[in-house]
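Scrolling down, you'll hit the structures one after another.
Both of the next two complexes hold chain A, though its partner changes from chain B to chain C.
Up next, the complex of A and B:
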């Protein structure tokens, strides 16, 4: 399972991005995007913004679950109260070799299963808490890129913990 | 007055006589002031420090009256050590609900440090990474001014400055306070 996480501001500009892989089942937490698809992640992710904007009003909650799919890339979305969108692109591992039976129980194996949804929800919630702290800094201005290394570390920690 | 007694007094006043206000309000208001100063002075952080100190000084001049009224200790401190205890355990307690530690006295009892374990002004704050703010800006510098102003009104001329700040990656936030002199009562101008 490889992940590409981005926070998109109210002006549809990315404020933060982070790429990582699963840490469950003894994986090393590194993403496995090949160089050919890596640069496409941003396109895929941002193309789902339209859907997010449609779905966000239909939902009562901030977590919109999995809203879009492009081939093997799934996009989950979380909208904050200030209309900042957290988008997570998840790409299941290619099951080559004998790890098939092992990863079938993994979060990543079935991107739309309730277990995966729950794990991503917890991840978003933790990121959201830290996001609130990051944007409360008086030196942060609305829709400014978040460069804080502390925030990046915490997102990484949340990724390790839940995904 | 023993330092235990001072902390009891601080606790007592905090519980009974103080109007409380939401900390985020304080934090964000103060943050806005600092950021606005940074803008107004084009990120000249030395100047921002100076302005914060000046603002604090003006607050201190008034705040001492409020402090004396609330603490009801209309008795002079007998030593600078006692003053330090009262500042930390009563003053900071009743206005910010924190009690910085008083440590690192010099032998002549004229200089001490206030070590802040918590600082409500600096919650959520991350200094801008422009390469200078981390070195030059003393984010909570207003507190130095407050002490200077307040103590001046009770005949003590002090100098106060921060020497470390967790916002800059130091382990502690520490303010150094030195007593310069006791100001003699000045005679009013002759009216004959």
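Up next, the complex of A and C:
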């Protein structure tokens, strides 16, 4: 399972991005995007913004769950109060045979299962808490890139913890 | 604006960390939830803010505009903070005008002034049917302000109007918010009406969402 996470501001410009892999079941937390598809992640992620902007008015929840799919790439979205979007692209590992029954219980083996939804929700909530802290800084202005290494560490920690 | 320049400490890419190693990310967000500040110190600070805004302005309108801008950034930040503090079950982004106004009247006002705003009204004027009004009988920010005669149309609650505008903008309901003094006899001499004029696209979207 590989993840690409981005925070997109109200002017559709990315404010933060981070790529990581699953840390569950003894994985090393590194992403496994091949060089051929890595550069597509940003396109796929940003193309789902249109859908996010439609879905966000259907109900008031912040977590919009999985909103888009492009081949094997699933996009989950979380909208903050100030309409900043957290987008997470998750790409399940290609099951290379063998332990089929075991890997099917892994988070993310089935990207739309309730367990995966819940794990991503917890991840988003933790990022949101840190996001509010970043935004509350008097030096932060709307739609400014977040460069803090502490914020990056926090997002990485949330990723390790839940995904 | 780029990032504020900070003297580099070498290690963390120019980020200066306090000696105890605690950054804003280590501090809990809810500790100050019920904390209150002294009204005297607020009044003093606000007085300075008005003085600051008054420098090099040509008229009342420009002064109010500056106060509005000072409040705008606060509104944007408060929107996310207050939503974050809501219990998870009622943690909803406002998706229609009424929900937004209700959020402002109760959550925002309670956070800022420890009470809800006095009334919420929809314009009865047939020419502007989509204007909304939040009414505060005695705005806290004006408690110690007496406006000089030659600036009689000034209402320093323009600052609060700016905060409200920030919340509306943040929630993607862009519009103009202005503060107007509407004294009501002996009872409420400082009564203030916050007039909210949403942009036409907001009203349009509201009508469209209401149908489906």
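To be clear about the criterion, the second predicted complex is superposed on the first by the 161 of 163 C-alpha atoms of A that agree within 3 Å, B and C clash if a C-alpha of one lies under 4 Å from a C-alpha of the other, contacts with A are read in each partner's own complex, and residues count from 1 in each chain.
Throughout what follows, a contact is a pair of C-beta atoms (placed from the backbone, for glycine too) under 8 Å apart; a residue touches a chain by one contact, two chains touch by 3 or more.
Note that this is a predicted model, so its numbers are computed, not measured.
In this superposed model built on chain A, chain B and chain C take up the same space, so to speak, and clash. Of the two partner chains, neither chain B nor chain C is touched by A:5. Contacts of A:79 after superposition on the shared chain: chain C is touched, whereas chain B is not.
With both structures placed on the common chain, the touch criterion links A:144 to chain C but leaves chain B unconnected. Residue contacts after overlaying the shared chain place A:33 against neither chain B nor chain C. Set against each other, chain B and chain C differ in how many residues of chain A they touch, and the higher count belongs to C.
Once chain A of one complex is fitted onto chain A of the other, the partner contacts of A:133 extend to both chain B and chain C. Comparing the two complexes, residues 133-134, 136-137, 139, 147-148, 150 of chain A contact chain B in one case and chain C in the other.
Across the complex, chain A meets chain C through its residues 10, 56-57, 59-62, 79-83, 128-137, 139, 141-142, 144, 147-151, 154.
By the touch rule above, chain C contacts chain A in their complex via residues 1, 3-4, 12-13, 15, 23-25, 27, 29, 73, 76-77, 79-84, 91-95, 99, 170-172, 205, 209.
Chain B meets chain A in the complex at residues 24, 27-28, 30-32, 34-35, 123-129. Residues 133-134, 136-140, 147-148, 150 of chain A are the ones that touch chain B when the two sit in their complex.
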